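Each of the two complexes below includes chain A, the first together with chain B, the second together with chain C.
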Partner chain A sequence: MATLLQHLPALLVAVPLFAAFTLPLVGRTGAPARTAWVFLGALLTAATGLLLAWQVFAHGPLLYVFGAAAPHVPTPMDSGGIPIRIIFQIDALGALMVVIASLSSLAIILYSLASDSRHSGKDSFYSLLFLLVAGVLGMVSTGDLFNFFVFLEISSLSGAALVAYRVDKGQAVEAGLKYALLSTVGALAFLVAVGLLFAQYNALNIAVVASRLQFTPLDQIALVLLAIPLAMKCGAVPMHFWTPDAYSTAPSSITAFLVVSSQASLYGLFRILFSLYGHLLEFSWLTFGWFLIILGVLSMFIGVTMAIPQKDVKRLMAYHAVSQTGYMLLGVGVGLAVLGNAEALTAYGRTAMAGGLFHILNHAMYKGLLFLTAGAIFFRTGTRNLNKLGGLGHHMPWTMVFFMIGALAIAGIPPFNGFASKFLIYESVFRFSPFLSIIAMLVSILTLASFVKVFHAMFMGAARTEFAQVREVPIPMIAGMAILAAVVIVTGLMPRPFIDHMILPAVNALVDRADYIAAILGGH
Partner chain B sequence: MTAFLLSLPFVAVLALIFIGLGAMLFKRNLIKILMGLSLFESAVNLLLVAIGYRQDGVAPIFTHVPPHTHMVLPTVQALTLTAIVIGVATLAMMLSFAMIIYRKYGTVDIRNIRKLNG
Partner chain C sequence: MNMTKIVRTTADVLYPFCLVFGLYIVAHGHLSPGGGFQGGSVMATGVALLIVSRSYTAILQRIRKEALKLCEAIGLLMFLVAALSGLYIGGSFLHNWLAGAGGLFGTPVAFGPNPGTFNTAGVVPILNLAVGLEVLGGLAVILLYMLSGLRENTP
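Take a look at the complex of A and B:
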């Protein structure tokens, strides 16, 4: 047992990879065996992730050196004090992302067991899904720049293949191609930056590079080449144009996980800005903080205004996802802007960052839930067009309840979790700049208006004759949605323990850059 | 002269990156866009290998090497191999997407592949 615990970080990616590659073999023995294998794989992946995160929150950051005799010792005795192997470094921020990915992977895999039961090609579908999960989990746990690139590519490739999976007269393939093309160009730019950093500092480990960084002109080019692709992958305006296409054409369970994969890129962006470059931006924290804030405000506002006129319910939700990402950028951006000002940082900077990071968790849960309800409606009615839907409250009461929970959470209505994180953002951003806080509230009101319209169009009204045959969705789909809804309600009713034990340690992990480096190189 | 020769690979990298990006931005044929992407990819691989080059360096294998001999960097070569494998997978997947699009739409001209606007 102790050995197993010691190797948890390796298992975190090994379990989903093993599930992915054995699935086509198990699938040959029949559908029940495959379903059992998928279920087992999802359960084990989530259990590994949650156990690992619990270890981090209880005992502090975890290190894992791949292929070393002692996996907790980052620098071997004979290496001259530098790490020579690939290292997983999971601090509180990484653990927070692992929790998000574990919970939502479990929920969406449960859901997809029923929602994709009518389609063919299930072996490769679930293989790709497990690869996507492994990619996201790897991205948020690795402490190595090149390794991050590899996991980024694993998640982009499997994500693009899954977006295109249900060809849908070519539209899904069109969206998948767009997603793959942008991801690959972004990842290649990222690789150029990794090359530039390696050429100067002879290291790939994030902590080692961070300790040697001089902020030469090449480093500045590298910063741009690292930050822009990650901002694009998390769907920030003005690089959001792939999101509505990919999110609306992918199968709903996949869309719910693409949200998490976007947020893994957001994690990468924060890691680069704070842990890798944090100390060197000293003279320009305000500039880089405002860079995130402006991205955030643009995303919030343009996202929501583009969402309002949409007729396709998943496209509408995709624009709302862009808009909600803006809140996270705004919260963390305010924190970055006041990083040099210790007084402002304690007064409201940390709270703003806590709001931003808490919103990542909350967003993954309620947005996943909303995409799953849209998928449930598509599953029974065969349309995503709001003008053709109506009166479904009579037929699908559970889906309606779950949709209401998700919609109220995204609009920031108490007692759901969206309120808990948005309130932290409002109150702290107000002390930084009242104007930004007012924009954030205005966007919330527009979000509420938009979801009231959607709710009305889908569920209200008299029962329609064309939907007379429509029934509630099967149990696994309800179970998947129920997991996410339960998290939305629990984190909404009792945000305090979550903020104290998960979010604030994650904020400290970002702010205290020296700890991140000391974990690898020792000393302060 | 040697300095010029040593910087030549980096000039080639820049040129290839811009040719690749240019093809992706200005060509309308999907296949040509993917060719541009492939050029970009090769440029990045060339950059990585060029970073590891040392003048008069030998292969980084520790047997039978006289002391104080320069070796080329092995790490970037390992990175390049990984990047090549990833690149092949990406390109194969995108070409198969292009095939499906041609089958469904009857064209690979991106001006006509626009069902998703809005």
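Take a look at the complex of A and C:
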């Protein structure tokens, strides 16, 4: 058991990869065996992730050196004090992302066991899904720049293939191609930046590069090439155009996980701005803070205004996903802007960042839930057009309840979790700039308005004759939605323990950059 | 698309050489430039050669997609099992426990400049072989799908 715990970071990626690679073989023995295997794989992946996160929150950051005789020693005796292997470095922020990915992957795989049961090609579908999960888990746990690029590519390519999986008269294929093209261009820019850093500092490990960084003109170019693709992948506004297409045409279970994959890119963006470039931006913390804030405000406002006129329910939710990403950027951006001002940082900077990071967890849960309910409705009615839907509350009571929970959470209504994180953002951002806080509240009101409209269009009204045959969705789909809904309610009712034991350590992991470097190189 | 008899015969003769050369690159991955991906690609070009020299339907009788997919899955699994074996035997994930231990690929590397011995490097050649199998299967399947749209019987 002790050895197993010791190897958790490796198993975190190895378990979903093993599930993905064995599926084509297991799938040959028939559908029941495949279903059982997929379920087991999802359960083990989630268990590994949660156990690992618990270890990190209870005992501090974890290191894992791949291929070494002793996996916990980052710098071998004969290497002259520098790490020479690929290292997984999971601190509280990484662990928070691992928790999100684990819970979300379990829920969506359970859901997809029923929602995709009518389709063909399930072997490759689940293989790609496990690859996507492995890619996201790898992105948030690696401590190596090139390794991050590899996992970014794994998640992008499998994500693009999954977006295009149900051809849907070519629409899904177009969206998949767009996603693949943009991800590849972004990843190539990222790779060039990694090359620029490697050429100057002879290292790929984030901590080592961070300790040697000089902020030469090449480093500044590298910073732009690292930050822009990641901002694009998380769907921040001037580069958000791929999200509505990809999110609306992908199978709903996949969309719910694409949200998590976008947030893994957001994690990468924060990691690079804080841990890699942190101290060098000293003279320009305010500038880079405002870079995140402006991206955030644009995303919030343009996302929600684009969402209001949409007719396609998943497209509408995709624009809301863009809008919610803005809150995370705003919260963490305010934290970055006041990083040089110790007084402001303790007064409201850390709270703003806590709000931003807590919103990542909350958003993954309620947005995933909303996409799953949209998928449930599409599963039974075959349409996503709001003008054609109506009166479904009579036939699908569970789906309606789950939709209400998700919609109230995204609009920031207490006691759901969206309120907890948005409240942290409002009150702390208000002390930084009242104007920004007012925009954030206005966006929340528009979100509520938009979801009231959707709720009315889908569930309210008299039962319609064309939906007379519509029934509640199968148990696995309800179970998948119930997992996410339970997390939404629990984190909404009792946010305090989550903030104290998960979110604040994650904030400290971002702010205290020296700890991240010391974990690899030792000393302070 | 059926090429002339000269092209078909040449392709037939070259096909085994492509496979053997690819396998050579895979097997010497730990000693010379190349390795799993490069060798696997060379082997897949052999399949491409067969496809362009004959019609798509004629090729399907010789090369089965199922077998190639199996090849891919086995390659991937082999990689993962080799990596996990390091974790089980001691050390860590991907730990090279075979190197210098005698037996399979276990000859200790001689000190100083030397041309290298085939029977060295421990787990690395096994990983190369796994990647080679995976790339052969994957690329060949991709080629088969991409070239399945070629028109038959063009003059």
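Criterion: the second predicted complex is superposed on the first by the 524 of 524 C-alpha atoms of A that agree within 3 Å, B and C clash if a C-alpha of one lies under 4 Å from a C-alpha of the other, contacts with A are read in each partner's own complex, and residues count from 1 in each chain.
Note that in this section a contact is a pair of C-beta atoms (placed from the backbone, for glycine too) under 8 Å apart; a residue touches a chain by one contact, two chains touch by 3 or more.
Note that the structure is a prediction, hence the values are computed from the model and not measured.
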Which superposed partner A:Phe18 touches (first chain B, second chain C, both, neither): second
Contacts of A:His7 with chain B and chain C, given as first, second, both or neither: second
First, second, both or neither for A:Ala199, with chain B first and chain C second: first
In the superposition, chain B vs chain C on chain A residues touched: B
First (chain B), second (chain C), both or neither touched by A:Val167: first
Contacts of A:Ala68 with chain B and chain C, given as first, second, both or neither: second
Chain B versus chain C as contact partner of A:Lys453, first or second or both or neither: neither
Touching residues (chain side chain A, partner chain B) in the complex: 146, 150, 153, 157, 160-161, 164, 167, 169-171, 173-178, 180-181, 184-185, 188, 191-192, 194-195, 198-199, 204, 245, 249, 310, 315
Of chain C, residues touching chain A in the complex: 69-70, 72-73, 76-77, 80, 83-84, 86-87, 90-96
In the complex with chain C, residue positions of chain A that touch it: 7, 10, 14, 17-18, 21-22, 24-25, 64-71
Residues of chain B that touch chain A when the two form their complex: 17, 24, 30, 33, 37, 40-41, 44, 47-48, 51, 75-76, 79, 82-83, 86, 89-90, 93-94, 97-98, 100-101, 103-105, 113, 115-116, 118
